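Both complexes shown next keep chain A, but they swap its partner, so chain B is in the first and chain C is in the second.
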Partner chain A sequence: MAYGWVGGSLEIDLSQGKVEKQQNDPGLYQAYLGGKGIGTRLFRDKAPLEVDPFSPENLLIFATGVLVGIPTPSASFGTVSFKSPQTNLLSYCAMGGFWAAELKHAGYDTVIVSGKSPSPVYIWIDDDHVEIRDASHLWGKSTPETQAAIRQELGNNSAQVICIGPAGENRLFMASIEHGGTNSAGRAGVGAVMGDKNLKAIAIHGTRDIDLARPAEFVELSEQAFKRSETLRDWVAIKNWCHNYMQEHMDWALYGNADDMPAGSGFERYGEICREFVDRSLARELSCYNCPVKCKSMVSLGNGKYYPVKCQAWMAFTLACKIPDLAFGVKCFDLCVKQGMDYISTARTLAFAIELYQKGILTREDTDGLRLEYGNAEVALTLIAKMARREGLGNILADGTNRAAGIIGRGAEEHVYVVKKLELMTDSVYNPYYAFVTATSDRADLHFGTVALSPSSWHRERDAYIEEGWWLFPQSWRQYLDVDYSANYAGLAEMTVYGEDTKTFVDLAGICWFCTGFWPFPFLKIGDMARLVSCATGMEVDEAEARKIASRTRTLIQASNVRLGMTRRDDTVPEKFFAEEPTQRQKELELVRLDRGQWDKQLDRYYELRGWNSQGVPTAETLDELGLDDVRQDLEERGIL
Partner chain B sequence: MKIKTIRIDASKCTGCRACEMICSAFHAEQKYSIANPKRARINVFKDEENDVYVPVLAGPYTDVECLGRNTVTINDKEYGECSFCRASCPTRVLFKEPDAPEIALKCDMCGDEPLPMCVKWCMAGALTYVEREEAS
Partner chain C sequence: MGKTILVNADKCTGCKMCELVCSFHHAQTFKPSASRVKVKVNSREAIFTPQVCMNCEVCPPIEVCPVSAVSTDEETGVAVIDHAKCNLCRECIAACPYNAISFEAGGNEVIVCDRCGGDPECVKICFPEALVWAEAEEPSAV
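Let's look at the complex of A and B:
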């Protein structure tokens, strides 16, 4: 009998219209737990890595976290693993909400989708009944319309639906998969791959039990974590944010193509604007499954409609277009959700296009007559819609800044802010820690402990924060907080590896990263999560074992991507952060120009701690120790190792 | 007689369904040994787009559907028939054991627990427990 997991998977071949049910190999799930660990392993076992992302052979592997669907605080996530059309590497996205739990309750830890349907379809999973259904009538519909229409035609209001919008159908690199209005698997072209397969949606309904190995102990640990969650919950509450931190957050959220905020732009009263906005507009705070932290909200703009708000989604657009009006940000985000677009890459691409126009690299001839000026809300919304439809300039921008710069030329390349071709989430990368974790991460993103290092008033007194046990890292590392980054980067590699192991374990367990270290006051640390996994599954996992499991997944992703040609040279951030002096504003934020010598030293150390050689290739010993001997053999045969 | 009540403040509900989750686990034959919200005696009615979230506690079992029907209008949207109904009733699947639909699920206020589990796990404060004395 399976505990924690449910023990089944689906393999769905859309070319043949074939559905197969499988019993999972328990050894595989013990080694990788779930999420992107299982996703990466199965991808390697079932498809050639060199596959063209837009070919039927590419896979979409939906893998639930092992702690999902049971009473774990903040565990609602599953991941989607796929070969990214944007980075051309093996990638993944994580998405919370309610779909992953529903999938487990239907009896499946994992769903592997391959092939390409000759016409639009969606998949209906209702416990044992799995069906591929026609979706021609849903093609072109927005993501909320799609979810509502599917629930209605199935006559099942509790079915959980994940779907793409028009952007996914049009295979935008920034196309997302959306769920429930506030949840997205957003990055690296995941929605484009789904669109390429002609797969509009997956609807899920499950009524099965999930068993727990050591139930009483499990629930006791959960209740303790719920108790600890109160600090983060109160801190992150949208009213608290908007009333106390938005100005500071704005100051910190440097925004590449729109970095400078000249006096008079209105942003000096951003904090006040946010306060007024939230007091006027907040309708409800929302959570994912079993989560006490209300990180998402619905706001009303006084027109009888409700709009979702989360994280920096609304902020991103206000910065990108220099429009200090949150209602504008909210409308942009809403449009992204409806069209099925990743707000991070969409906002960054918008900022990029406006900057090019300002610099004269794009002219009105290129923009279909649009004036891409700062402060013009109408034009911004029009351009997002044009991107979703791949219309005119929208078609050039639809695949993100890197591809667009290649098409536009004329020096546009110099205005691209990407790591491994993926738009940066923020470019506080003049902070070496932010830069380093982004450059080395398995998906070119920020991960853990970042906020915990900002010279910020976000937490109470730093010493108290550490002594009360909130700090993500071992307490003995506190001297790293005193490092003067203008002189050296001591501790960077150590903290990156520790944070990355935590984040990886979070993805395997299916917990939300906001609750586990991305923000301050994490109420589940890697040791806590290891205990929960032990009680749920009956395995014995301590912190050391948890880190080993995380390293196995991290190293497998690395081994895959070095086989695809990724090298040490890719583990960096845009050259301008090394070459150019920070602006006055950045200096005021104590940001420094990155130092290549220090960077390289830390990169050597990072690879060493990971057990990879100086080129970032996992060594034979590391691969053997992690039980990846087949991967060692593969790299040896290809002459990479 | 002591009457146990749960007060529902729908405006505070975050839609997290922790109440459903813990209710199902608490009522497992061996306490907490399974999780399955479809066995819960509480169900959160959601209409995300219109911002309506209503936790509904399972009420009495009925073996025939009711003859009268009602609708509820919230912010101009009409919700039909059974949306907020508490009954375990032949017209729908809600509040029945999923693998044995002849067995109705009914909120038992978690028996002797000092605090009903859904109230304890509702961190948003949408559910509060109130006891009151009533002459029998």
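Let's look at the complex of A and C:
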């Protein structure tokens, strides 16, 4: 009998229309637990890494976290592993909501989708019954329409549906998989791969038990964690955020294509605007499965409709288009959700296009007559819709800034802000620690990459955060708290590795990173999660073992991507952040530019702590120690090691 | 009348933790269909409604049950199923206006909230306080 896991998986070949059910290998799941660990391992075992992302041989591996579907606070996540068309590397997206728990209750830890269907289809998983169904009538529908239509035709209102929108069908690099209105697997082109497979959606309904090895102890640990969640709950409450943090958060996010707010643009009173907006418009706060933190909201814009909003959607579009009106930001986010677009890349691409227009690199001839001006809400919304449809300029922008710059030329490359071809999140370069974590992360990404709170930020909570023992890192690392980044980068590599291990374990367990280290007051640390995994599965996992399991996954992803050509040169952020003079506003905020010498020293240290050589290639010893001897052999045979 | 579970749907965030703890308390496993409380989801407007026996003065399931297996508990006022009499026809499930009676998938029983003997697990875990344990006469608790 399986504990923690449910023990089954599905292999679905869309080319053949074939569904196979399999019993999982317990050894594999003990070594990788779930999520992106299982996803990465299975990808390597079942497909050549060099596969063209838009070919039937590419896989989409949906893998649930081991602690999902049972009362683990804030555990609702599964991951999707795939070869990214945008980065051309092995990538993954994590998505919360309700789908992963439902999948486990249906009896499956993992679903592997391969092949390409000759016509649009969706997959219906109802416990033992698994079926590939026609989706021709759903093609072209928005993501909320698709989810509603599928529920209706299945006659099952409690089915959980994940689906792509028109953007995925049109294979935009910024196409996402959407679920329930507020949850997305967004980045690196995951929705485009699903669209390429002609797979519109997966609908899931499950009614099975999940059994645990030591349920009573599990529930007790879980209840203790719930009690600890109160501090974070209050801190993250959207009213608290909008009332107290938006102004400074905006200041951190000024970089790249929108790195300054002109005087008189209204952003001087952005904090106040946010306060007024949330007081007027907040209708409800929402959670994912089992989560005590209400990080998502429904707002009412006074037109009788409700709009979802979450996380950076509060500011991504307002900053990108320099429009200090949250209703505008919310509408853009809503359009992205409907079209199935990653709002982070979409917002950054908008900012990029507007900047090119301002600099004269794009003219009205290139923009189908649109005046790409800051402050023009209608033009922004039109451009998003054009991107989703790949229409005119939208077609050039649809694959993100990197590819668009290549097509546009004329110096557009100078205005691209990407790491490994993926658009940066808003506050990625706020300080050297954030930049370093972004550059070294397994997905070139900040929030759901690996960043843990910078010790020098969140000044207001900092003391309580440390004194009360909330800090994610070992208490003995307190000296890193007061590092002055303009002078030295001490501890940056150490914290990055520790944070990365914690985040990786979070992904394997299926917990939300927001509650386990990204924000202050994490109520589950890596040791707590290890105990929960022990009680759930019956394995004996302590903190050291948890970090080893995390390192195995991290190193496997690294070994895969160095085989695909990733090198030390890729572990950096755009050169401008090292070389360019800060803007006036950035100087006022005392933001420092990056120092190449310090950076390289920390990168050496990071590779050393990870057990990789100076080029970022995992060493033979490290691979052997982590039980990845097949990977060592592979790298040796290819002359990489 | 004594204490009962009061539902404030406006506060429910849809996390469904109540379903899992209920399932564990009653069936020693983690299975939403074994839960006596169910969160109804209106996904378009994100309205979540925890559904549980509401101590109706007139209980339609009692009236429709062909074998008189449904009654109300004198002390708590909630519907009670006599499993010895129940013929699993599920008429009561269709009749309850609050969808508070359900059939456990894979099990063989019609189930309904029993208030956990006066200390409901769902209330204890409900952090947004969408479910509270209070005197039914106190409107201020809602």
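Heads up, the rule we're going with is that the second predicted complex is superposed on the first by the 621 of 641 C-alpha atoms of A that agree within 3 Å, B and C clash if a C-alpha of one lies under 4 Å from a C-alpha of the other, contacts with A are read in each partner's own complex, and residues count from 1 in each chain.
The working rule: a residue touches a chain if its C-beta (ideal position, glycine included) is under 8 Å from a C-beta of that chain, and two chains touch if they have at least 3 such contacts.
Not measured: the values here are computed from a predicted model.
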Are chain B and chain C a fit on chain A, or do they clash, once the structures share the same frame? clash
Mind working out whether A:238 is in touch with chain B, chain C, both or neither, as first, second, both or neither? neither
Which holds for A:419: it touches chain B only (first), chain C only (second), both, or neither? neither
Per the contact definition in the header, classify A:144: touching chain B only (first), chain C only (second), both, or neither. both
Would you check which partner chain A:219 touches, where first means chain B only, second means chain C only, and both and neither mean what they say? both
Just checking: does A:370 make contact with chain B only, chain C only, both, or neither of them? Give me first, second, both or neither. neither
When the two structures are overlaid on chain A, which partner does A:105 contact: first (chain B), second (chain C), both, or neither? both
First (chain B), second (chain C), both or neither: which does A:290 touch? both
Using the superposition on chain A described above, determine whether A:304 touches chain B (first), chain C (second), both, or neither. first
Taking the superposition as given, does A:207 touch the first partner, chain B, the second, chain C, both, or neither? both
Dual-contact residues of chain A (chain B, chain C) 69-71, 98, 105, 144, 148, 180-181, 207-212, 215, 219, 226, 229-230, 233, 284-292, 294, 298, 306
If you look only at chain A, which of its residues touch chain B in the complex? 69-71, 98, 101, 105, 144, 148, 180-181, 206-212, 215-216, 218-219, 226, 229-230, 233, 283-292, 294, 298, 300, 304, 306
Chain B - residues contacting chain A, complex: 11, 13-18, 21-22, 25, 28, 30-39, 48-51, 53, 75-76, 98-99, 121, 123-124
Touching residues of chain A toward chain C in the complex: what are they? 69-71, 98, 105, 144, 147-148, 157-158, 180-182, 207-212, 215, 219, 223, 226, 229-230, 233, 284-292, 294, 298, 306, 308
Per the touch rule above, chain C residues touching chain A in the complex are 10, 13-17, 20-21, 24, 27-34, 41, 43-47, 105-106, 125, 127-128
